[in-house]
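Shown below is the structure under consideration.
Every chain is named by a letter (A, B, C and D) in the order it is written, and numbering of its residues begins at 1.
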């Protein structure tokens, strides 16, 4: 995966978010304060523009540009996704990267989000999709495509599982049982992101 | 008239005001803001206490104590009556005074009120009772008693005449025709004051 | 919605607040309780003393402007009522150190009367007194010159600051009066309200406005203004006031002004700053330079939601006096 | 009654107000528009830089406290929303002159997160950063220690003033952090509201109160408090807050305190002064000495009618730092 592949990844992610934005906002409305979609739209809009105006030599350069856009964004998801991308970028500064770099990057990035946000798996947050994706990459032995398939499936099932959880972190924790049955929008976004990494 | 006579004058004035306070307040309510009675009560209460606690050698000392009480009082009547008494006090600093001193004192005092308040006779203010009282004293040729009788009658008819006037000064000027037919409380108070000077 | 205030006995608001103010500034202020007035904690000898005062409810005016470089004494009346003549006379004679006293008086019947009387009494006591009458409020000006004329509003802060500085520099009484009167002639203000204030202890504001109206030309004593206009964005409301002020002062390209954007009580710092930006840009658009500005609550009308804008013609001497050091509870630099 | 504000586009309130603020204080402040933050016009070399920030709507906090003796930079978010991590990081690296940067952070999830991230980013850029978390609001403290803990409210002004003064005197970063954390541990606040505020552009306040109720323990972001109590004279409401604060700090006869009587927005100076008097007398009645006090709008919550009281244990060192010179738009002596 080189810089151009990474740009394609991000483009597919932007497109997937555009499709799902309304649904994500609705999820945050039912469990939080309803601004998730707007926060993400601001960040991705800024990322899109920045990528158009920035040359990037490595996947890390691309991911760092996206990180900066998120770190310019409010809410809880802005800074946490920002630090996730920023940490991933640090591990992907080679011209071409493979499963090993991605796996280390996902692991570091997820650890950073957990350290900063204090959420553990099962708390009904983005972490519930990040951790299984990271573990799938770490355990992958085949091709990049196979590894990404596994990671995408893991992220998606992690996101799906948030429906049954009771939130312990973030705004959803204020509403308690009311949000039972509602997917966590942050976790769903992680699933969209990892799914977008696949090229087939 | 010595200091003790002057105290008696003031005591009769206080008593007359006590009797008329409600009526005066009603007059100010119909033509002004309704606080005339309260302003006067504050001033006279203060004057009463001050007189009890102050020795006075001349009529002027007594009148100056009353002046100070008025000058401690709000509204328009407080400072104007205060300066009236203050000016009168300046002319009555002999141990005993007669018609001449009183006449000069009333003239100076009335001039001071006119200078400070800018009201002319006919403007429907206290001046409409002060001016005829002052003129009656100036024209008096008989005894002090006779002079005071004449002054009292002049002040009263000046006050009565304010009913037909249209106010040009003070708060009553804001309501215009509405106060036509209403006596000016300041002028009525001047009548009470001058009437209280009589000893028979 | 009912209006409430932090109050004990409504009749004791002013003396209690005076005590609380002076307790907060023991190094700056001294309270004289009866007759009530406030002086500097450290009197300044060898200069003309500057005294102002008026009704309470306009805080920080005037008590908040007592201190080096501004007032020597402030005389507070009851809420929206003049102080008595003897309060003013007592403050005036107390701060005279032999150079005389300049009284700064806002143009209201009660204030004018009581300060005039106070000046006469102080003169009788051997104090030289002269006065500056501040009448900056465009809204109460009548074309025929009749009536009580323009009221005194927020320009009084500029007059107190600049005359205070000039007195500190050793100007004598005639020079102060000349300077101050010329300054007042070059000063105009106008206010606008979004909601009336309420007297301490009162459960209702002094008057109500329709949802789509604002009150133009409000005074600072809870009086209504000269009329209503449609509520509009801040830029437009600012333009409405500025247009009148610029015309009244005959300001032209190349002129400079001192600006006060003043909260009438409940208007927030964010709003004031945003209006100040509009003032700056609109004046720049007319080629008028903002030499200095004050943005904040300086002359309030209890908890009225609203603001006033004051423009004063600036020249080098006035700007230098503006910049001179000042050390009071509400203005320090 | 409908609430209205002086606003153009509600989305532009913060940048427009920032521009208006800096235009009013060109000699003191410099605006960096994107990412937005405010620094001193004249940077101070050779000292630890002090940076704070948080949501807007609390003016004069924090931008009004940038200047000699207090903050080197302030980072404003949208109304009631944290500034972004990159805003804070940009301000932090911009003011570092090699001695490191102290960040003063009010305890809110968003602020804590964004300042922590900013600190990491600035550290990556070679800036030494450490933080003081201000958590003084008694109302949000839970006995079991669970939840997000005490919020950061008006004590932040005291922390910014004293740490600013200490930094100016040349203290290094570890000393500042030690001093600041001990100070925070000795500071408690509590607020009370008579009416909620309204967001710029909103026609209604955030919530309503019954005519005979006040809201106890309100925060500064329009949240409701911990409950209602009966409206009462100012003495009684003051006693309600003071009793809790004195107990929480374990204050005893002979102790001294720094006091802040803070308007939450629309509460008038007369009321604040009158409450300050009550605080003074009630503390005196308990044998507690008020070493210094601040009375005014310092940490507001838009145009909320209400106030907060802050007590901070005083000692000679803290009083000396309080008295040290400061020169900012909202605090100068």
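Just so we're on the same page, a contact is a pair of C-beta atoms (placed from the backbone, for glycine too) under 8 Å apart; a residue touches a chain by one contact, two chains touch by 3 or more.
Here the structure is a predicted model, which means the values were calculated and not measured.
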Euclidean distance of C-alpha centroids - chain B vs chain D, Å: 58
Distance from the mean Cα position of chain B to that of chain A, given in whole angstrom: 88
Distance between chain centroids, defined by C-alpha means - chain A, chain D (Å): 35
Multi-chain contact residues (two or more partners), chain D: none
For chain B, residues contacting two or more additional chains: none
Chain contact graph, described as a line, ring, star, complete graph or other shape: line
Full enumeration of touching chain pairs: A-D, B-C, C-D
List of chain A residues in touch with chain D within their complex: 68, 71-76, 78-80, 82-83, 116-117
Touch list for chain C against partner chain D, complex: 1-9, 13-14, 16-21, 23-24, 56-57, 59-60, 64, 79, 194-195, 200, 203, 205, 208, 211, 214, 231, 233-235, 237, 265-278, 280, 290, 293-295, 297, 300, 302-303, 305, 307, 327, 332-333
Residues of chain D that touch chain A when the two form their complex: 35, 77-78, 81-82, 84-87, 89, 109-110, 113-114, 116-117, 120-121
